[in-house]
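I've put the structures underneath this note.
The following pair of complexes shares a single chain, chain A, combined with chain B in the former and chain C in the latter.
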Partner chain A sequence: MASVKFNQVTKSYGKQEVIQSTSFEIQDKEFVVLVGPSGCGKSTMLRMIAGLEEITTGTIEIGDTVVNKLPPKDRDIAIVFQNYALYPHMTAYENMAFGLKIRGMSKSVIEEKVMKAAKILDIEDLLDRKPKAMSGGQRQRIAIGRAIVRNPKVFLFDEPLSNLDAKLRGQMRLEISLLHKKLQATMVYVTHDQVEAMTLGDRIIVLNKGVIQQIDTPQNLYNHPTNQFVAGFIGSPTMNFMKGKIYQEDEIEVFISEDQSFRLSLNTVYGLNPYQNVILGIRPEHIFSSQTLLKNPLQFQAEVRWVELLGHEGFAFFDLGGQQLSARLRADELKDPPFSKKLYIEGERLHIFDADTGLNLM
Partner chain B sequence: MRRLKKILFYFILTIAALTFLYPFYWMIVASLTPEENIGNLSLVPQGLTFDHYSDMVEKIPIWRALFNSLLVATISTFGVLVFGSMTGYALAKMRFKGRNLLFFTIIFTMTLPFQITLIPNYIIMVNFKWVDTLAALIVPALNSAFAILLFRQAFLTIPDDLIHAARVDGCGDLRIIFQILWPNILPSLITVGILTFMTSWNDVLWPLIVIRQEELMTMPQLVTLFAVGGRSEAQLGVKLASAVLLALPIIIAYIFLQKYFIQSMASSGIKA
Partner chain C sequence: MKAFWNKISPYLIISPYIIHLGLFVLFPVIFSIVLVLHKWNIISPMEYVGLDNFQRLFSDRLFWKALWNTFIFILVHIPLQIVIALFLAYFLNEKILARSFFRAAFFMPVVISGVVITILWQQLYGLESGVINRMLISLGLNRVEWLSNPNIAMISIAIMATWKNVGLYVILFLVGLQTVPRSYYEAAEVEGASAWQQFRYITIPAINPTIFMVVILSTIGGFSLFIEPYIMTDGGPLNSTLSAMLYIYKQAFGYYHMGYSATLSIFFAIIIMGVVVVQKIFVENEEH
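Take a look at the complex of A and B:
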């Protein structure tokens, strides 16, 4: 196994720079997830590690080797693609054995490796089948099997679960996580699904428009996003945002929305510049219907105009300060809209972002 | 009413089929009929003879021509499949400057009638000193714009990730084309194969221009020269016997590959 190191790597197509100067290191045996919206450059980054995309400037190291000029086959990596990319004319066994055969391994060694991988993935029954005779989940297992048999230094996953239905996706997510523990391998995983990112990654790299926004553990990303983009991208449903200004009143800071219709006393002093334009951020799950157990309850009145029930819980949607906000509440706390309800923001979980730069000011 | 329509439909189809089949039937029957009875145009053979065939074998080196035709058509077909798919792959899956310009130029050559390029091609053959060699028949036919177009379109339907997976597995471009992509574009391969073989097999004009030695001639060329060149001494039976022998390989191939023939005609939109 090996680490992966990006040193001031950039990637351009003609004049368009899709990856801006990027440096980071993925540790040996680490599971790192690259996450971001479509077109943010995450797949390009993965393909640059694989050698399927050329690097414009900078260097990529796998282990101690600079791999810029090495073809994919010599990088000792394996990749699992979104659409499986299994060879349609070969059986599952042949698909898994193909790479080993090309590397000149003996039949007995190939068989041993394929059977071992098949056992790990519980796909022994599928080995004689061709891809078209398999379901999406089975195909993805074979694609993972093809990666495992090679015993590569680095495993690369390019949105491997996107084509699966929700139930199977959950199951495969768990299997990939267990596989990482079993193989103790360096894994780089690309996804646009933040649930996958949060559940799988030791660390997550959040990308937007070819720029790394934050590299951190899932919990830190959730609790301490460096900017508004990360705060909005991580967490489902997305964080509530409200534009406004902060000013001091009787030695505590007060937030007033842009349209001045909503005023919230923050009960504390963050030391922000007076009358600075800010964006207040609060996650739906940090708005409560009771103030018990809250460290710094900030009360407000919500005129709920829409409710989404999900069984045990639900979302209340209401307008506040000219923005639509949502709160995640227990189902029994919700009734047919419209209705008025007293709600409490946990002041400790508030985020305040600079309205111009989007940076977290707290 | 519906039944009547169906009967009428099949009646017209049968007439059309007979119209196409009769000349073939007559050609075969007449080639086996003694010379004096050929002119009767009857459906049933009047007498049976293989004399025309033995006469033909005596008069012209037909077996040598058959060998030449098979050699030229086989190598050309193989060449078109190999080089056509390599060019199609480059145009579909590789990124390089001028790729589209190159592709449109290749397509443009398809619009030029063969007669226009005939003389320049002949001059090239003269300069290469290939006139009166089989190279003059084989080399210019080793790739074709039509094959490139068909292969390019077929490769475009294959996801890039399949090629990326093969690259990570350790394949180079040639292995990707022949080991990964070929098995997945079989209908296109068969279409190009059949059409190239038939084009090469039926070609008369180009061989007439570049081949003069009898032992290097292809079958259609030899048969044409034999039939219209006076060596058959106005014997219809011998001419027809050579025509049967010329048509036979394609008829046999058609019997076995009927499904693919129809598919290839339909998919290429080309009337061969």
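Take a look at the complex of A and C:
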């Protein structure tokens, strides 16, 4: 197993720079998730590790070796593709054995390795089948099996669960997580699904427009996003944002409209200048219908226009200061809209971002 | 009234095709089957001869010679065509300079009239003034009797036919190649497969259906060899380029042996069907 290190890596297609100067290190045996919206450069980054894309400047190291000039086959990596990339004319066994056969291994060694991988993934009964005779989940297992037979230093996953239905995705997520624990391998996983990122990654790299926004643990990304983009991207449903202005430094009141304001306790606010334009952020799950248990409740009256029920809980949608917000509430707290309801924001969980730079000011 | 039109309009729409099919396909086929049992020279009334035409066919050495020539043509033409078309398609599928130009250029001979191309190649193959022989002489080599040597003439025709048709098969292979997902090659590259191994283990099996289609089309095309020997050599020298189709044509419109010609046609169609079925079985076995 090995670490992966990016040193001031950039990637350009002609004049367009898709990855701006990037440096980070993925530790040995770490599970790192690259996450971001479509076109942010996350797959490009993964493909650069694999050697399927050349890098424009900088260096990439796998273990202690700079791999810039090494072809994919010499990087000792394995990749699992979104569309599985299983060869349709080969059986599952032949698909898994292909790389070993190409490398000139003997039949007995190949069989031993394939059977071992098949046992880990519980796919022994699928080995005689061709991909077309398998379900999406089974194909994905074979694709993972093909990756693990070679025992590579680094596993790369390029949105491997995107083609699966929601139930299977949840199941496979768990299996990949368990596989990581079992193999103790370095894994780099690309996804646009922040739920996958939060549940799988030891650390997450959040990307936007070819720039790394934050590298951190899932919990830190959720609790302490460095900017408005990360705050909006991590968490489902997305964080509520409201425009506002710091009114007076000593009173620390944030106005989101002429008739709505919140008072913030001094100990949670740092370096805010009076009259500074800000964006307030609060997650739907941090808006409550009762102030009991809240450390710093900020009360307001919500005119609920729409409700989405999900069984045990639901979302209430309402306008506040001309902006649409949502709150995650218990199902029994919701009724047919429209209705008026007193709600409380937990002031301790409020995020304040600079309106111009988007940086978290807290 | 509207319901009536709704009912008959589908039939009206397909009627031109049905009329064409009836006049130019079904009627000739049925008429040929009737002719098999008759002797007819277009002018005199038809005379019933039973299976005489078949007896004649099996003892007609020239027909078997023409059939053999056709097989020789196919044996040279099909492998040559597939290899060249696949080779060209493979490179035209890569990001090479002026790719669109080359794609159009290779396809050009397909849309040019077969007669024009045949006459053009007749000039190129000319013994004295032909460009190919002039080039050979300028390189210090001997002239080749492209169309007058019985051992070479059919091969010369096969080369020309390959040149003419290869563009069509390049396009078919290109379509086939473009349906192979890029990720198959990337997966193979990561696994350590060389360019040749990728071609052998990924490309060829992936485009197997296209290869089968090309083999079938070029087999049928090969069996239909007519224009080239008709214009270039008229089946000569020493009947070495006499194709089965040319022989059937000569029997019908040279000697007016319409019954015998129909018998040859039916027999020939059965052979083509047989070959295609064998090819299909072979390819399907390969696939599994």
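The rule we apply is simple: the second predicted complex is superposed on the first by the 339 of 362 C-alpha atoms of A that agree within 3 Å, B and C clash if a C-alpha of one lies under 4 Å from a C-alpha of the other, contacts with A are read in each partner's own complex, and residues count from 1 in each chain.
FYI, contacts are C-beta pairs under 8 Å (C-beta built on N, C-alpha and C of every residue); 3 or more make two chains touch, one makes a residue touch a chain.
Here the structure is a predicted model, which means the values were calculated and not measured.
Enquirer: Identify whether chain B and chain C fit side by side or clash on chain A in the overlaid structures.
Expert: They clash: once the shared chain is superposed, the two partners overlap in space.
Enquirer: Considering only touches as defined above, state whether A:P71 meets chain B (first), chain C (second), both or neither.
Expert: both
Enquirer: So in the superposed three-chain picture, is A:K107 touching just chain B, just chain C, both, or none of them (first/second/both/neither)?
Expert: neither
Enquirer: Applying the touch criterion given at the start, work out whether A:L52 contacts chain B, chain C, both or neither, answering first, second, both or neither.
Expert: In the superposition, A:L52 contacts both chain B and chain C.
Enquirer: Quick one: is A:F81 in contact with chain B, with chain C, with both, or with neither? Answer first, second, both or neither.
Expert: In the superposition, A:F81 touches chain B and chain C alike.
Enquirer: In the superposed arrangement, does A:K119 touch chain B (first), chain C (second), both or neither?
Expert: Neither: A:K119 stays clear of chain B and chain C.
Enquirer: Using the superposition described at the top, list the residues of chain A that contact chain B and also contact chain C.
Expert: The overlap between the chain B and chain C interfaces on chain A comprises residues 50-52, 71-73, 77-79, 81-83, 85, 87-89, 98-99, 102-103, 146.
Enquirer: Chain A touches which residues of chain B in the complex?
Expert: 159, 161-162, 164-171, 175, 180, 183-184
Enquirer: Residues of chain C touching chain A in their complex?
Expert: 181, 183-184, 186-193, 197, 201-202, 205-206, 208, 287
Enquirer: Show which residues of chain A lie in contact with chain C when the two form their complex.
Expert: 50-52, 71-73, 77-79, 81-83, 85, 87-90, 98-99, 102-103, 146, 150
Enquirer: Which positions of chain A touch chain B when the two form their complex?
Expert: Checking each residue of chain A against chain B gives 47, 50-52, 71-73, 77-79, 81-83, 85-89, 98-99, 102-103, 146, 158.
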